[in-house]
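First chain A sits with chain B, and in the next complex the same chain sits with chain C.
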Partner chain A sequence: MVDESTRKTLSSIPLLQTKAGPRDKELWTTRLKEEYQALIKYVQNNKAADNDWFRLESDKTGTKWFGKCWFVHNLLKYEFDLEFDIPITYPTTAPELALPGLDGKTAKMYRGGKICLTDHFKPLWARNVPKFGIAHAMALGLGPWLAVEIPDLIEKGVITYQEKTEDAK
Partner chain B sequence: MAPSTDWDEIKRLAADFQKAQLSSTAQRLSERNCVEIVTKLIELKLIDVIFTTDGKEYLTSQQLTKEIKDELYVHGGRINTVDLAKELSVDLNQINASVADIVRGKEVQLVSGYLIANYYLEKIAREINEKLQLQGQISVGELTLQYDLPAELLQHNVLEKYLGKIIIGKQDSSEPRTFYTEEYITRTKAKIRGALMGLLKPTPVTVIINHCNLADRLFMSLFDQLNAPGVLTGRQAGALYVPSCYTKSQNDWVVSFYKQNNYLEYDALSRLGISDPKGYVRRIFPNEDIKFLSTCAIGSQIMEQLETALEECVISKSYLDVVSLLPSVLSSTDIENVLDSLLKNNSKSTTLFDNTVFSNNYIESLKQSCMSITQKKAEEAVKSGKYQQFYLEKQLSKSADHSQGQVDQKAERREERRRKAASGKGGGGTQGRETKTKAVKKHQRSSKQAANDSDSDDASNVTKKSQTTLEIITVDDVEDIIKETLENEGLDDLITQIAEYLQGSLNQTALSIAKETADKLLQDANQSRKQTHSSSQDKINILVNDIKLYEKGLKFFPPDQQTQFIKYLLKTLGGDILAEFCKYAANQCNLSVQVDDLSVEQRNKILKDLSDEYKKPLAALNATLSEQNVELFYQAVDVCLSECGMILKKVDKKKDKILIQNHREKLIAELENCDDPALSLHMAVLAIFTIVTQNMLHASGRQVPAIMAYLKAHVKEDHFEQLQQCQELVTKYLTAPEEEKADFEDKLKELLPALKSTVQEIKKQK
Partner chain C sequence: MSTVEELQKKVKELEAKLAAAQGNVGPARQKIEVMSSEVVDSNPYSRLMALKRMGIVGNYEKIRELSVAVVGVGGVGSVTAEMLTRCGIGKLILFDYDKVELANMNRLFFQPHQAGLSKVDAAAGTLQAINPDVAIDAYNYNITTVDNFQKFCDTIRTGSLTGGPVDLVLSCVDNFEARMAINTACNELDQKWFESGVSENAVSGHIQFIVPGETACFACAPPLVVASKIDERTLKREGVCAASLPTTMGIVAGFLVQNTLKYLLEFGTVSHYLGYSALTDFFPSMSLKPNPQCDDAYCRARQAEVRARPVVEVATEVTEDVAPVHADNEWGISLVDENSPVDDDVSNLKLVDGVQVAYSIPVDNSTPESSTGGAVAASELSLEELMQQMKSM
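Let's turn to the complex of A and B:
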């Protein structure tokens, strides 16, 4: 199950109402609006809690998303690229988040850097269609994955800190 | 239009999203950072703060003090420092440090981990007062439990401080930890008074206290203020309350009982709850002369009564059964004690048997009634020789004392064993009294076995004593005599005892009587011995004289005939002399001679028994009798006489004549009275011989013809013929057969007067 803080975070993200995929023209816009609203809220919440951990933007149609996410371990910030597409069957199918930088570095990952989400995530998502959106996927999927995997990977020496690589941003 | 607006909106939202993502991250410091920063600051001693136990808050010490004070107020003025630490989530050490600051301010004090403000104490005082008013009584101990505060604090800082201000009541002077209200005291007093008034018998104080639900101490202190109708036996918890009405009724009962009965039983007194009866009686009757015995006290009245009765008994010469005059509760030892003291003055005139006092006079009268039999028995004893035998044995035993000692020892040991056995039996016996009384007294407790025992005792005593005392009169004898008298008086059970008592003195009397009698007898014997001495001497004198005279007479006969006469003379008169000697000697030797005339056998027997001094001469005399020599006989007689201390009187010639005359007259007188023809002839012949020869003759009938032959020459013819005829007839008569005797007798009888007259005639002629 998800832990207490995750649940708390989750509950503060507004739920979505429209069940529509990218093919559904009119309705997709509505859905996309709701996605944005949820994401804004989630980011705002994160910032308020001093827990900002990703940057995300999409193309015009809102079917392709990309950005960065980071994790602070021992006062060092490890940053990774993040990208994913909205699948055709969305929102029935959850988006497959991918960290291409970590591809081949951990067993808990599919080809192309798609993270291997926990057994809990998928049923949880299935139960909450169409209420869950991208924001939920981030909070429920990537957040816990990073928290578990990154310290492990750092420990193994798979990942090393890169001094100020993205500082320009 | 709609889709375009939608897309615009989406764009705008995407922009917002970006804006939201880029805007506000930088300025926010996370909690973690803050903690780190503050820790750093504290490390650098730039700030002085206290952090809470959960580490989420920081406090300055001023804030802590303030918070503690607030907490204290919130908790009503009392709070535990540990609770405070929890409440404020501050380390206990920090709390303690700031508490020390707070306590310095005098408003608050720290008592065994509690912070206590003065207003809290005031509040308690108020509560206590309420409680006190409600209960009437309160103790520090109780409060200590209730408030969980030290007694010391409550005592000094609350109760005593606010007493009279907030707490309205009174401190117990004897117990400073207890406080009362006035009403409570009054109420309690009333309660106690009520209880004490109601009590009629001695009651333990604890019972009263439990009943009234009071404290010991309070009861004791209040009791003194109450003027209670009674007294306490002590100040301890185990004391008794004795109501005065009880004491009074107790005293009344004792006094009235004593007045009525004149004695007091200790048991009865202790049943009334008097623990020291003797002391009590002494206290109640300080002026009375009371005698204290083992189970009761007796008043002087009873003693006086007893004394009077005793005097009366002495005067009236009767007896007094003490038991009937004494209260029935007295034990036998008590009775003994009373009697002891009573008889101390009077013992001379009384005798005590069991519990009955007899005046000596009464006993004396009983004794008197036994005197006759005593006398009789004593005399019997003397007569039968028992006494003399006993006396002799006693004499003997003195010499044999040595050997007897052993016997005595043995006897004593046996006695002792018997006594032990007897007392042992007594101890296990049915009557407790028996063990108390002396062993001597057991006799009158006439259970059969005891009686048997005593009998056997007596028997053994007799056998044992037989060497020291002779029992002339036995207990049974005495019993028989006094039995009737005593039974009439209803004193059956004392018979044996009295009899034993009497027997002792009676036996003594009997012994003395016996002794007297025996002495008298001895004296008599001595006197008679003296008399026999002279009479024997006289008799022997006479006999010797007679013999001499007869000897003279027989000189008239021819010598060949003389031996016959001498033989007869010695045999008869000599025998008499010997008999006389024998009698005398027997007397001297204390041999009893009952008969006056001794046969030859008797003489011989006596001779054998005689003591040596007499035996020899008398035996010699006896020997001379069988010989026909008068001279020898005389010599033997002389020896005997000297041995017997007798003398032979000189023969008086004149007296001889008178003797002969007397003899002659006697013969004639006898002849006159004689009817037997043979004897008449014999006497006539002897008389004529005496007349003719002026000498006496002693001859037997067989010698009559010899005398006749002699007389033939001296008497007239016709007289002789008559004698001749008479003699023939007598000879025939004596030799004749039985059937013819009557004829001759008749004839002789015819001749007798003639014969007698012949003798007279011859006498006249001379």
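Let's turn to the complex of A and C:
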């Protein structure tokens, strides 16, 4: 199952209430507001815990999301573009988070850089429809994925550190 | 140093090769207007029409009027499409948004020189060369996004040879999201479809016939899995997402098209669920009733329609014999009366041995993952303000 720190992170993200997908017109707007509220709280939590690790924004319809996530390894910060669409079956099915920059660099990915999640993710998501949202997918899916895959990819030399001038903090 | 003439000759040769590779060589045979049952070497349909002579299929030529949509043209879908093409299906509609890769070469159908082409275009080219009589439409997009989903529904609804709904949709996709999208579309459109799948460890698979309201839809229960007799803890997933075998995929495609033909041409019995466990050569089969509490509102509406339908349509043969025809039931086969009222059992799911749900979902609405973050309270802020707040963090 999920490790203790993930469980703790997860439990401090507010749960969502509205079961609505992008085809549900007004209810979707309500859901979208809940998504943003949960995400804002999650980022605030991360900052408070000195573990700020992603930024996300969406288009007006809330169906296309994009942003950045980063991972610190041996005091160096590795940053990746992040993107995903909200499928019409959301929130019954989780969003498929993708890191297109790593497409083809690791076997733990499906086409287009969609990350390969553990066997635990889908059952946990299914059991928590509609309470889990994008913030939960980040905490439960992408966070653990980065923690396992990025050090491995750095060690293998598949990704290398790129000097950056601006600081996300 | 080559002369200009030599180089020009070389260019011509390469152009010819390229044209051949791209399938620009024109159809290998002319179109055939009417299927003939004449047994001559030049008739591509003689062995199929023989099914009529042998009394297996009543009217094989009917296949020329029928349309099938294949969603997902990968290891299962491409073979499925090829089988239907060779059977002379009237129209095929292909959906996929992936490209052919060399990593696909452990499966059937695609060839290395097609790497880089979109799967639907590569498939359409090959299939059209195999049988120019089949009308083939190819759509290269992801059906799960909002815009494309509408296009997908419209195509299913109007894609037949006569401009009406297709006769059958075959799901050959490799992910839960796309299956749910197909399920959503088919429940809304009241469209019969087959779900198919091969497990990520490549040693089990299944097909499932979904008649909205009559048989369980894909959302009626958590995904079903065929027990593979592998201890999950010994299954190594290090460094890989999915394994695949041409054998398992070919077998599942065979099951899928066999049942498609049985349904379309009205012969034999169509399986509602047929599983395959490769390690033990075990084939569980069963019927599945829909879940009255299904999450999908259209599924529940279709169930109500089915219940409201008069029962007269089934002409039952009257038999006096009350003794069971088969006293023993080695394979656990049972017939489910589709006309009996749905019982109050919540799960309603009677699974055959060897098939189980991938995970369970609690019935109550309590929160299984305790959250100290509480639920989000309706915000005073507008969506735009929230978006701005998130952006400025």
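Going forward, the second predicted complex is superposed on the first by the 164 of 169 C-alpha atoms of A that agree within 3 Å, B and C clash if a C-alpha of one lies under 4 Å from a C-alpha of the other, contacts with A are read in each partner's own complex, and residues count from 1 in each chain.
Here, a residue touches a chain if its C-beta (ideal position, glycine included) is under 8 Å from a C-beta of that chain, and two chains touch if they have at least 3 such contacts.
As the structure is a prediction and not an experimental result, all values here were calculated from the model.
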_If we overlay the two complexes on their shared chain A, which of chain B and chain C does A:Lys25 touch? Say first, second, both or neither._
first
*asked:* Quick check for you: in the superposed arrangement, does A:Arg55 touch first (chain B), second (chain C), both or neither?
replied: both
_Touch test for A:Val43: chain B only (first), chain C only (second), both, or neither?_
both
*State whether chain B or chain C is in contact with more residues of chain A in the superposed arrangement.*
C
*For A:Lys33, decide between first (touching chain B), second (touching chain C), both and neither.*
both
*Go through the superposed model and pick first if A:Thr6 touches only chain B, second if only chain C, both, or neither.*
neither
*Answer with first, second, both or neither: which of chain B and chain C does A:Pro123 touch in the superposed model?*
second
*Looking at chain A, which of its residues have contacts with both chain B and chain C?*
29-30, 32-33, 36-37, 39-40, 43-44, 47, 55-58, 62
*Can you name the residues of chain A that touch chain C in the complex?*
7, 10-17, 22-23, 29-30, 32-34, 36-41, 43-44, 47, 55-58, 61-63, 85-89, 92-93, 96, 107-111, 116, 119, 122-124, 126-128, 131
_Residues on chain A engaged by chain B in the complex (per definition of touch)_ = 25-26, 29-30, 32-33, 36-37, 39-40, 43-44, 47-48, 50, 52, 55-58, 60, 62
*Over in the complex, which chain C residues touch chain A? Could you list them?*
98-99, 142, 144-146, 149, 175-177, 180-181, 184, 219, 222, 232, 237, 239-241, 295, 358-359, 361-362, 367-376, 378-379, 381, 383, 386-387, 389-391, 393
*Parts of chain B lying in touch with chain A, wherever the complex brings them together*: 2-3, 6-7, 9-10, 13-14, 16-18, 20-21, 23-25, 28-30
